[in-house]
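Naming follows writing order (A, B, C, D, E and F), and every chain is counted from residue 1.
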Amino acid sequence: MFQLALQNLLSPMVLFFVLGLFAALARSDLSIPEAVAKLLALYLLLSIGFRGGAELAHHGFTGQMAATMAAGILLSFTTPFIAYALLRATTGLSATDAAAVAAHYGSISAVTFVAVTGMLGQLAIPYDGYLVAVAAAMETPAIFAALWIAPRETPMTRPSESRGLIREIALNGSIVILLGALLIGAITGQRGMVMLKPFIVDSFAGLLCLFLLDMGLITGRGLQQGWRHLSAAVAAFAVVMPLIGGTLAAAAAAAIGLSVGSTAVLMTLAASASYIAVPAAMRLALPAANPSIPLTLSLGITFPFNLLIGIPLYIAIANKIAQ
Amino acid sequence: MFQLALQNLLSPMVLFFVLGLFAALARSDLSIPEAVAKLLALYLLLSIGFRGGAELAHHGFTGQMAATMAAGILLSFTTPFIAYALLRATTGLSATDAAAVAAHYGSISAVTFVAVTGMLGQLAIPYDGYLVAVAAAMETPAIFAALWIAPRETPMTRPSESRGLIREIALNGSIVILLGALLIGAITGQRGMVMLKPFIVDSFAGLLCLFLLDMGLITGRGLQQGWRHLSAAVAAFAVVMPLIGGTLAAAAAAAIGLSVGSTAVLMTLAASASYIAVPAAMRLALPAANPSIPLTLSLGITFPFNLLIGIPLYIAIANKIAQ
Amino acid sequence: MFQLALQNLLSPMVLFFVLGLFAALARSDLSIPEAVAKLLALYLLLSIGFRGGAELAHHGFTGQMAATMAAGILLSFTTPFIAYALLRATTGLSATDAAAVAAHYGSISAVTFVAVTGMLGQLAIPYDGYLVAVAAAMETPAIFAALWIAPRETPMTRPSESRGLIREIALNGSIVILLGALLIGAITGQRGMVMLKPFIVDSFAGLLCLFLLDMGLITGRGLQQGWRHLSAAVAAFAVVMPLIGGTLAAAAAAAIGLSVGSTAVLMTLAASASYIAVPAAMRLALPAANPSIPLTLSLGITFPFNLLIGIPLYIAIANKIAQ
Amino acid sequence: MIVQPGKGAMQTHLKKRIDIVVEAPLLQRVTNQLDRENVSGYSVMPIIAGRGHEGPWTSEGQLGNASQMVAIVCVVDPARVDDLLAATFDLISRQIGHVTVTDVHVVRPQRF
Amino acid sequence: MIVQPGKGAMQTHLKKRIDIVVEAPLLQRVTNQLDRENVSGYSVMPIIAGRGHEGPWTSEGQLGNASQMVAIVCVVDPARVDDLLAATFDLISRQIGHVTVTDVHVVRPQRF
Amino acid sequence: MIVQPGKGAMQTHLKKRIDIVVEAPLLQRVTNQLDRENVSGYSVMPIIAGRGHEGPWTSEGQLGNASQMVAIVCVVDPARVDDLLAATFDLISRQIGHVTVTDVHVVRPQRF
């Protein structure tokens, strides 16, 4: 376990994240253009999507896959209720703000997903390809849970807008690319893999480093701006909630009988909090919520917590409980 | 032939194009930053240019090359007259609009060129390196043909501007990078190829996928906006004209005695319609033409037609007629 | 020597630079988006930083390293005095302009550093990894020297600003990424190298070509605009000063007993002039200086001089004097 | 307003330029609203950084657009300003953003 | 105009800000024209999306610039407005685009 | 100003829009200054090319930001203009750049 944590902390990926964090906190002018950050995110999602699909082509559809998918959706829909209750009990956040934060923590962080697959790759621990689909399926149920929870003071103005909102959430870019690449990987299988391997597999670690450098930079900048929004209780939530989510996922994974790698991935997904898809959705659906609070929590505390401590912990636990 | 079409349709490249098309038509917010799209285009042109040059270094200057070059220029200059006559006979387009569309179809699409080389690479069918130079040479003659055809109602204001126009057309970015990389490939030959192979060859398929994803996105968005500019007759032109161009090129290729791969490439070039270089040139040279019409036709109909149906068809025909 | 110069001139890197130069001077609209240029620069710095660190992990800290570091800092701090004296004696530049130019020539060009390592890689001549740290250390002393030299007509307005300036200079992005990647390379050593090699090593030559294409473009555009700022004496300075800096570095390298590769790198660093970090610092510290003069000199004359003639010359000399 | 009568004097006409600064996720809602109001057109311009009541932000390195702002510029006839302000006020007042109205003169009034 | 006389009162002077929105391929023609008219300078600002009579467009993922617009901002002396409108009208009227003129005040009048 | 009284008439209020065009390396100095002056906010907009007394520049392919300009837009109460001009004049006058002030109307005056 300690060995694992150290190996994680001393991986180039994590070190580049720390470098970015340091640069931002030291107010260096190091910066990565927005277009580059978006290219890197697109590449990483496309890569894990495609590889998941190619792996899926080997194994086909199984009952385990259906069970894991159901578990993921359930986790995404139920954890917001836990998160909301916890926030209302332990912090002074308003009902609207608490609901918005709950949506972020029920949903998942595609970037954290990428990070755990990178770490598993380093350790040569395999995971099931269909988890890409599970990740995509876990993005949105939490949003609907949060809209259910949130006080309905501000009525959605137009039905056309709320229809628009559902489409925007269901078809957001990261879901489309993840599922699309998964499908293409499944269709083209080994043949596609041979063609794309130099780009999709060989360059992965290097581009992940560059991406985590950027994540470090924006995490650091977010913390510099956002810390004043955070009471100690709110900050504590951002560490406790991933552990709750991860524990629930561990129980589900054990019940389903997932492998070590898949258990670790499901735990990480449940433990992660969105900071791309859900923040945008909340600006449309819950405009009265203060956007800085969930962003600072998920990007500034939960993401580094998961990257530095959570992921090795989840892998270690998966090692214990999975067969 | 059917086998070939299926293999094309199920290639990762085409599937990523379809994914982008789907995302745009479903109004997903998936998007690729402009800077990334331009990087991908630059990379692809540089790669096929350099590889063409390195191949050329092997074979040197031949009579066949000169003949193919002449054929390409002739095709580019003459097909606008056919296109114009066809449009005026079968559609209600004004003389100016018809001339502008004709320029697009006489010229070539560098992206379609990249696609056919990708497809040939997959099938392990070689083509002659000098076709890169032929492609570059085919970009501009059509523009001059169209200016010749177009009614001269709106006189070019200044001689300095029309001189400027010729320079802008002859030295547009894609021509410079194609020919420049060709030259550098020819000069550095095998030595350069060894140095650059991981970047220029190995990553090609993956980056082409990403690029075609973007092409799918902009094609879908273009169709959404542009379809209302299109009558059935105008839309039909966008499918018929590539077949006419391809047939003429097939005849030329047979007369010259080109190989299967080179015949397929020349047919594809003639069948393709510009949507980067010529649209910009038309805004300067024929401002009275409606820019949406040729763009919707070439990007929204002819490009997907060539990608999905045309290219496998041209390869199949080339297989029949070439030695 | 002649052989070496030819091999340099006919390397794909230099040819792509020349292509960019040609395109800019011919006013082609070929262009590389700013975001892409910044990605390429980031990648190249990260790559040489990381490789330097991985190499360092092998050899550890040595006295030679400390001596070279000291020599580099000394060169950076002292050459501005020489440059200033030379400029004031031979050109009509004002004291402020001369001081600003001197800062550029005392400091180093990270891009030229990348170019010499590319050239040495092609020739399979190794150099010491710690030179990355030396390069980073040489960036800033020249700036302080120039502020010392410059006439103090325009007082820095606020102490907080001049403190800010020092931080900005010391923590500018290229220094942070170079040193950060060096550290990460040193920490992760061989293990990290295996993971990142396809990205960091294999793609290096190709991405360097693309980067030098961009450098050619901006050099050409800079020359087009900037030549009218240049008298013959000022232009001559931009060729003479690198030779002076290179000579001083050669003497230092010989005294320390550096290898051929390391001697060539130290000479190139001393001979190079900044055009990213120092220009920005000068706008803050010496606003009265005309920014076009040093930029045109360092980017328009000294960089191409070093790339085309200087680097092969420094390698040839290093071959003579080093053991 | 007649600018400098003389050789090239061009008649110009008063219009209003409306600048709407909103959160990026809201962009499409606002342009949909402008479409519904039948404005002749609008242009979207990027904002790369800023500061407001919530503190500073920058687009650098960002993956999502939730914390970013964009500017929508729309030149309209003065007679339309009030309707447009009313139409966008609903949207803007619930979210982060603001609207300014400026007098501008144009040469071809029928375009707007 | 004297803005608030008092400790730091700064004298400001009336100038005109000309905003020219044109198709991107036309950019250089317009700036060449401004150069010929000897304006003291101009700034080019990006437009990333928009809608006009031809429908909406966006720069996202675009390879060419044919369907894009850019904004050219030029601050000039009021006395120059008419000439500049006449000089650019030729270009703009044949293409897609429009021009607005706004009153602005500056501190250092001799710069423009 | 009351824009068209009637069904949706919205009361608008006079504010000033200050556009500061400065060299990119100076951006943070200017925004620090605005922070010190306690403005309610500002937006930074990109400039991608331009021409001034030193000749033309473009951001295309650039690695550094030394030769680039950015625009800082700040909407403020008319009473604050003079202080802000004085505060930024110090910075701008030593460097390359300029400042314009424009009358604008807003709906929610208390925001600025």
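Simple rule for what comes next: contacts are C-beta pairs under 8 Å (C-beta built on N, C-alpha and C of every residue); 3 or more make two chains touch, one makes a residue touch a chain.
For clarity, every value in this text was computed on a predicted model and none was experimentally measured.
Contacts with chain A and chain D are shared by no chain at all. Fewest steps needed to get from chain A to chain E, stepping only to touching chains, is 2. Looking at which positions face the partner, chain D and chain F present mostly different ones, since fewer than half of the interface numbers are shared. Centre-to-centre separation of chain B and chain D, using mean CA positions: 38 Å. Within chain A, the positions touching two or more other chains are listed as 31-36, 38-39, 198, 202-203. Among the residues of chain D, those touching two or more other chains are numbered 45-46, 56, 102-103.
Applying the touch definition to every pair of chains gives A-B, A-C, A-D, B-C, B-E, C-F, D-E, D-F, E-F. Those residues of chain C that touch chain B in the complex are listed here as 10-12, 15-16, 19, 22-23, 26-36, 39, 122, 198, 202-203, 205-207, 209-210, 213. Of all the residues in chain D, the ones that touch chain F in their complex are 19, 21, 45-53, 56, 69, 71, 78-79, 81-83, 85-86, 89, 93, 98-103. Taken together, the chain E residues at the contact with chain B in this complex read 23-26, 28-29, 54-67, 90-91, 94-96.
Partner chain F is touched in their complex by these residues of chain C: 31-34, 36-38, 41, 111, 154, 157, 161, 164, 214, 217-218, 221, 225-226, 228, 275-277, 279-284, 287-288, 290-292, 295. Those residues of chain F lying in contact with chain D across their complex are 3-4, 6, 8-10, 12, 15, 17, 31, 34-35, 40-46, 70, 75, 102-108, 111-112.
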